[in-house]
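Below: a set of structures, written as structure tokens.
In the two complexes below, chain A is the common chain; its partner is chain B in one and chain C in the other.
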Partner chain A sequence: MKKHLLAAATLALTTVTAASALAADEPKQGGTLVMAIQTTPRHLNPAVQSGTATGQPGTQLFASLLRYDEGWEPQPYLAESWEISEDELTVTINLVEGATFHDGKPITSEDVAFSIDTVKANHPFKSMFAPVTAVETPDATTAIIKLSEPHPALMLAMSSQLLSIIPKHVYGDGQDPKAHPQNSENVVGSGPFKLTEFKRDQHIILERYDDYFMEGLPYLDKIVMRIVKDGAARTIALESGELMLSGFEQEPRDINRMKKKDTLDVSNAGYAAIGPVNWLAFNTQQGKTADPAVRKAIAYAVDRDFLLKAIMLGATEAALTGIHPGSPFYDGTVEPYDIDLDKANQLLDDAGYAKGDDGMRFPLTVDFGWASAKPVAEYLKPQLKKVGIDITVRSSADFPTWAKRVSNHEFDITFDNVFNWGDPVIGVHRTYSSQNIKKGVIWSNTQQYSNARVDELMAMAGATNDIEKRKKYYAEFQQILADELPLYPLYPSPYHTISNTQVGNPPNSVWGTSHPLDRVYLK
Partner chain B sequence: MSEPFNNTTANDVAEAQIKVSHPLAEMASMFFRNYAAVAGLILLIVIILFVFVGPYFHPVDPFEMVWAPFSRPMEEGFVLGTDYLGRDMLAAMMVGGQVSMAIGLAAALISLFIGVTVGAFAGYYGGVVEEILMRFTEFFQVLPTLLFSMVIVALFGASLLTVTLAIGVVSWTAVARVTRSEFLRIRELEYVAAARSGSASDWYLIFKVILPNALPPIIVQANLMVGSAILFEAALSFLGLSDPNVMSWGQVIGSNRPYILDSGFTVAIPGFAIFLTVLAISLIGDGLNDALNPKLRQR
Partner chain C sequence: MSLTQTIAKRIGWGLLLLIGVLILNFTLISIAPGDIADSIAGDMGGADATVIEEIRERYGLNEPFYVQLWRYVSGVARLDLGFSYFYNTPVTELILEKLPATLLLVFSSQILAIVLGTLLGVLAAKKPNGIVSLLVTFLSLFGFAAPVFWSGILLIIAFVSIFPLFPVGGMTDVTVEGGFFVQLLDLLHHLFLPMITLASIYLALYSRLARASMLEVLGADYIRTARAKGLPQRMVLYKHALKNALGPLVTVAGLQFSAVMSGAVVVETVFSWPGLGTLALQSILARDTPTIMGILFFSSFVVIVVNILTDITLRMIDPRIKAS
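== the complex of A and B ==
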């Protein structure tokens, strides 16, 4: 019998950050943390809403079963311990004793079953709990999850904002959970902080929940999440000390500027589970990009290192595949397509695309959907001219316009940014699965790529908990994709957490700031 | 013997004086009396030479990445440095200037066409026609122009054509009002009444009789519009609503804007070029106003 057991005792010793272990200061109780989030969340209930705007306040309001440390290790949270059966089809969760919701009612296995059902039915990430056939509740602190097949994504899907434990007696009242009035006000949560005030476009104020189930936590009395959309405004407020913490910062110039500031800690630790990867996606079915030789030639003609230096200003690193480099499944041994203009020209010549009198072989359009992607699109125009591809940069008026074009497959090449969301099953498979070619759905397989072996590898890697086997499957998967190149990976978004040096234990889990801040304290 | 000659000379002088006061010559002299306007004209000529003749002496593709990004002006062999992709700023300024000026001119012509048509008919016919046309004009006048042009570009996509049309479509109202007020004044004058009594058609009266006499203030207005259209294009580009496949001064500003704190020159140079051009056009407009507006002239 294979058992994964973790005692609650180890929890007390496990600190969120390695840095805090080195720091001499002891965590201190009390204080108000003023931090920034970048957009107003639609509402605060992550059980029925994806996105980190909801996730950052949502993970304070609602506890999940597990939490992940910076080393991708699951740690006990609401689940005191858990056990996976030999056949990997049954997962038994033992809940911590005495945990209560913010209204004082106990958190029971009933609520866990209800939460899983709600997420399964309403959350956009369908693959998270798709194999769950039933959740049994033999007693108040035991939940048994039954699976139709082994489901390796389950552990990550039970952490952070992906499985918020919500009270059945509040959200199970028959109303549509997506439009429940208590998603935005009078939120009854299970996490370390409870909601005081949510003012759209202004702030979210959270207060310490005194009966939180983790002993002695949270350290902070209050968290004020100010909603600051403008990156420059956040930078200035962080520099002046008005803001103490901000996650998901990705503007290289702002990051480099704040790195020079003594009062700020700038860290790119974490975010591997968010896993945001930027790439150039190709239309693999229509036009010239349907020819793999053309896609490869473009990959050889694009200088990824130049983009990293000139546009990302060294704030991030290369991603050679569509899996985030911070993921344990990332395979960095694939063909990197380092710049080689001769090879690119050779590939195009061999494929029969002769240069015309003007030195051009054929035209292609490049799309981009948001302002920060424009420099990359503009870069492609002169760069691909060097191999005789005449690029027209097509700007879209707004994000929906771009999303409509790309999701309806009306593009040749587009810059895109897709999140891995922890396990590849949740955020990676959707990009390559031939089952997921869905017209009109953005971030489905908009490349319209289809390969039977790739489908098979994803199915196998998604149906076993054996990490070594999975690594092997995903390695082959990445090798095939690097060879057929439905998309040319560029780099992960340079997500950084900026914190004032006064902030102890800044969050740097694999989920970034979309993670309970119960161990954060003010020095 | 000498007297008759002297008389002839006096007559000649009188005749010569009449020749000097030919309307165009008089206009020119009024214009050149305004030194600021002359300076503006010289400045504009220099800019036009730079933009249209410059590329023959500096034939570099402004899209080509020729050097490392953000090489500062004069430091590494690039007179105006390189932009964020390492493209030659000097070439971008030359080729971009052509586009900026072309957009300015084309947009001004579009708004001139719409404005003069609307204003002429409103002023000539009066009554219901005037009511409808002027309410229509006011409708466009109260719309925030930049916002309106952004909507147009957003709806129809950012191409050179839509940007030009958007600018033209939002900035014709002033022309329409000026044209209308001139028409209201001129249609009551005696020479119009005379032409009308000669059973001239409405069409003839509008375009052959009244419009030529209403032109001076319209020309001044149109001139200023070229300047504001260039500014408009820059504003749209700054907001990212420009055709990324065409180099213009606004496009240079728009694409280098994120790097303004690190390498301000890439934004400052095209900004300065726009400033100089618009200034030159405004000064010329001032001089034209002096030359063409008889009422102001007497002050």
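== the complex of A and C ==
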């Protein structure tokens, strides 16, 4: 009997402990989250302005049709459910009932059609909705998207900051949506938070939208996004608790320092859809780098592991292709070009570039466009000297100076950082498509690379929803690129989310902090 | 020449100078490689070729240089500083939005530097070879030699990270709730470190200047007379000597105006202080020509006006200038 009693007491105690543990972890309503963003956005309307500066506040102000979890699975958002027809040319979206804009007017299929049209006409990424021929609106909660060909990128393009649902009754007033006054002030959004104040270079204050369509959300009463440009200042403020959350942190030294702090959670979860990959791009049409043997020799001469350890301080991993390692389409089986100086020298000898009396074969320039890339560019000088390439590092005063050089193809090698933006159709194809060799356009195919089979594979992978087929096409695509090497991939940017341990559910989606923070709470 | 004629002449020269500044700056910015389309594309993570072309079209970047220049200068003549390419906002509105923060920083640091610098200078001049004088000399050389971006970060490490007494940056803490005095206190709390940082350079300058000027005055006959009359040291120093020693200090302080503005650019960036400096840096990096031009126009206007006023004032109080 006694035994039973003890067992019962133990059980009761365990239950109580478990219950209180559960209670401690349970999301709580209320509170103000003070977080950092790194630059002042041009404005707050992601429908006509890409980039994470606008995306982070923009995804709080505006809801999209879908949201993506950390496993790349689409989840219902404004779209309660969706259906793709058998011929893959029709996508039917069923909207949640009762959703309203921040001015109280209902969100209808008309607004969805208007938003898609606006994004298609004004957003810088034309490939997102290019095959959309029409959006039909048979009733207020049904939108039918008609496509000219199957378009697998559509799902990701309907998520996060890529498709903000904006009110037709505000932005349909005939003004240019890119310069609309309500992009920065009196924003009428559809998302979990509404705008209270936007002060350039200071802060963006967001307040809970009480009639948000997701039951019981958002948890927070208020989000204060402070604009803090200086990384050291952000680190100190995060350590002191002045800031509770910051996304897109990528300075390895700061990240490692904050990892040692007990009050901070440092996580690299997420960001795979942003997909920022760093690489050395080659000019494949002019100069010595037009010769694939030279490009391969450089790849063999560069010690990627050294860069990961010494410059990135272990804060990121290797990327062997231009597709982000976190993407389902990444193929890690390609030739990694691990360091092999003998092979590099051999390749150059065989290609007929004999060493001169000074031990040099030929000169090349290396460009970089932002300060954090400088160490890598500087590293190349002594390293490539080992294989007889005389490197001159060219620094640019600022981003536009570098962009001008590279987009006009006036370079040999340049360090570059290009985002995948979700589906390869949106952010990967642009780098390799022979149709996209456009002078004066940065992050077009500035390598001027052209291969008919690569074009064909991209066309096929971009026109089917069959994920296995797509994986197969992209695998072949990555194998060819690893062999012809228009660029030598190095590593993804080490994006991290830093949050105070008091912050519950810190964002970890594939879009990082460019994602609705409606489930974030303060413990 | 009468005073009115002089003023008219000065204003005429000032206007010509302003037009010269506008043309020179516009030309310099146009020579720099890259344009706003590159920087907008950079901000957006890339953009389709049609979008880039549309941006260049919209802002007339494909037109010949002289057309763009004429459009800008004639706009300014109509008192229209144009629209910021980057922020899609009238430049005048942007500048007016940022101006109070910069004025607060510049004036508070200048007042601090002048008052404290003068005091230190006087203390040092009391015993030119004493320990206080040496200390002041050392401090001023240190303040003058240390770049503000470095001293600012040192202050942040010391008083935000190690001894968390001050906020890391910004001008206000929006989570602070309370009445006027609470808000004012919060503002001063944020102002302290950037103000000290910007003041540090000028503190050095003014204390050295005050010391030299005081030493010179203290050697004058009338000071000897004052001392011979049996006036106490404090009276001699602060009433008789300082008054005359202040002259050069005030002149230099006026001339330093443009230098303080440029110092503010750096200090504002280090402390995320939302003023004209931050705006200037951001618009230069973004190639936002109308905004850069607006800030340059505004600051040259202020410097020219300050110079004309100094000229006129000097002419009115010093008969020797009139005679020459």
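Just so we're on the same page, the second predicted complex is superposed on the first by the 499 of 523 C-alpha atoms of A that agree within 3 Å, B and C clash if a C-alpha of one lies under 4 Å from a C-alpha of the other, contacts with A are read in each partner's own complex, and residues count from 1 in each chain.
Following the convention adopted for this analysis, a contact is a pair of C-beta atoms (placed from the backbone, for glycine too) under 8 Å apart; a residue touches a chain by one contact, two chains touch by 3 or more.
This is a predicted model, so every value here is computed, not measured.
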Partners on chain A (chain B, chain C) - clash or fit: fit
Once chain A of both complexes is superposed, is A:T392 in touch with chain B (first), chain C (second), both, or neither? first
Chain B versus chain C as contact partner of A:H43, first or second or both or neither: second
In this superposition, the partner of chain A with more touched residues, chain B or chain C, is C
Between chain B (first) and chain C (second), which does A:K259 come into contact with in this model arrangement: first, second, both, or neither? neither
For A:V224 in the superposed arrangement: first (chain B), second (chain C), both or neither? second
Looking at the overlay, what does A:R453 touch: chain B (first), chain C (second), both, or neither? neither
Taking the superposition on A as described, I'd like to know which of chain B and chain C A:K523 touches: first, second, both or neither. neither
Determine, under the contact definition given at the top, whether A:E378 touches first (chain B), second (chain C), both, or neither. first
Smallest Cα to Cα distance in angstrom from chain B to chain C after superposition equals 6
Find the residues of chain A that appear in the contact set with chain B and again in the contact set with chain C. 397-398
Mind listing the chain A positions that touch chain C in their complex? 32, 34, 39-40, 42-43, 49-53, 124-127, 178-179, 183-184, 197, 199-203, 205, 224, 226-230, 232-233, 236-237, 239-240, 242, 397-405, 407, 418-419, 421, 427, 430, 436, 438, 440-444
With touch defined as at the start, can you tell me which chain A residues reach chain B in the complex? 253, 257, 310-311, 371-372, 374-375, 377-379, 381-383, 385, 392-398
Spell out the part of chain B that touches chain A in their complex, as residue ranges. 61, 63-65, 69, 84-87, 153-155, 157-158, 240-241, 243-245, 255, 258-259, 261-262
Which part of chain C faces chain A closely enough to touch in the complex? 32-52, 86-89, 94, 97-98, 153, 156-157, 160-161, 164, 167-172, 174-175, 269-272, 274, 278-279, 282, 284-287
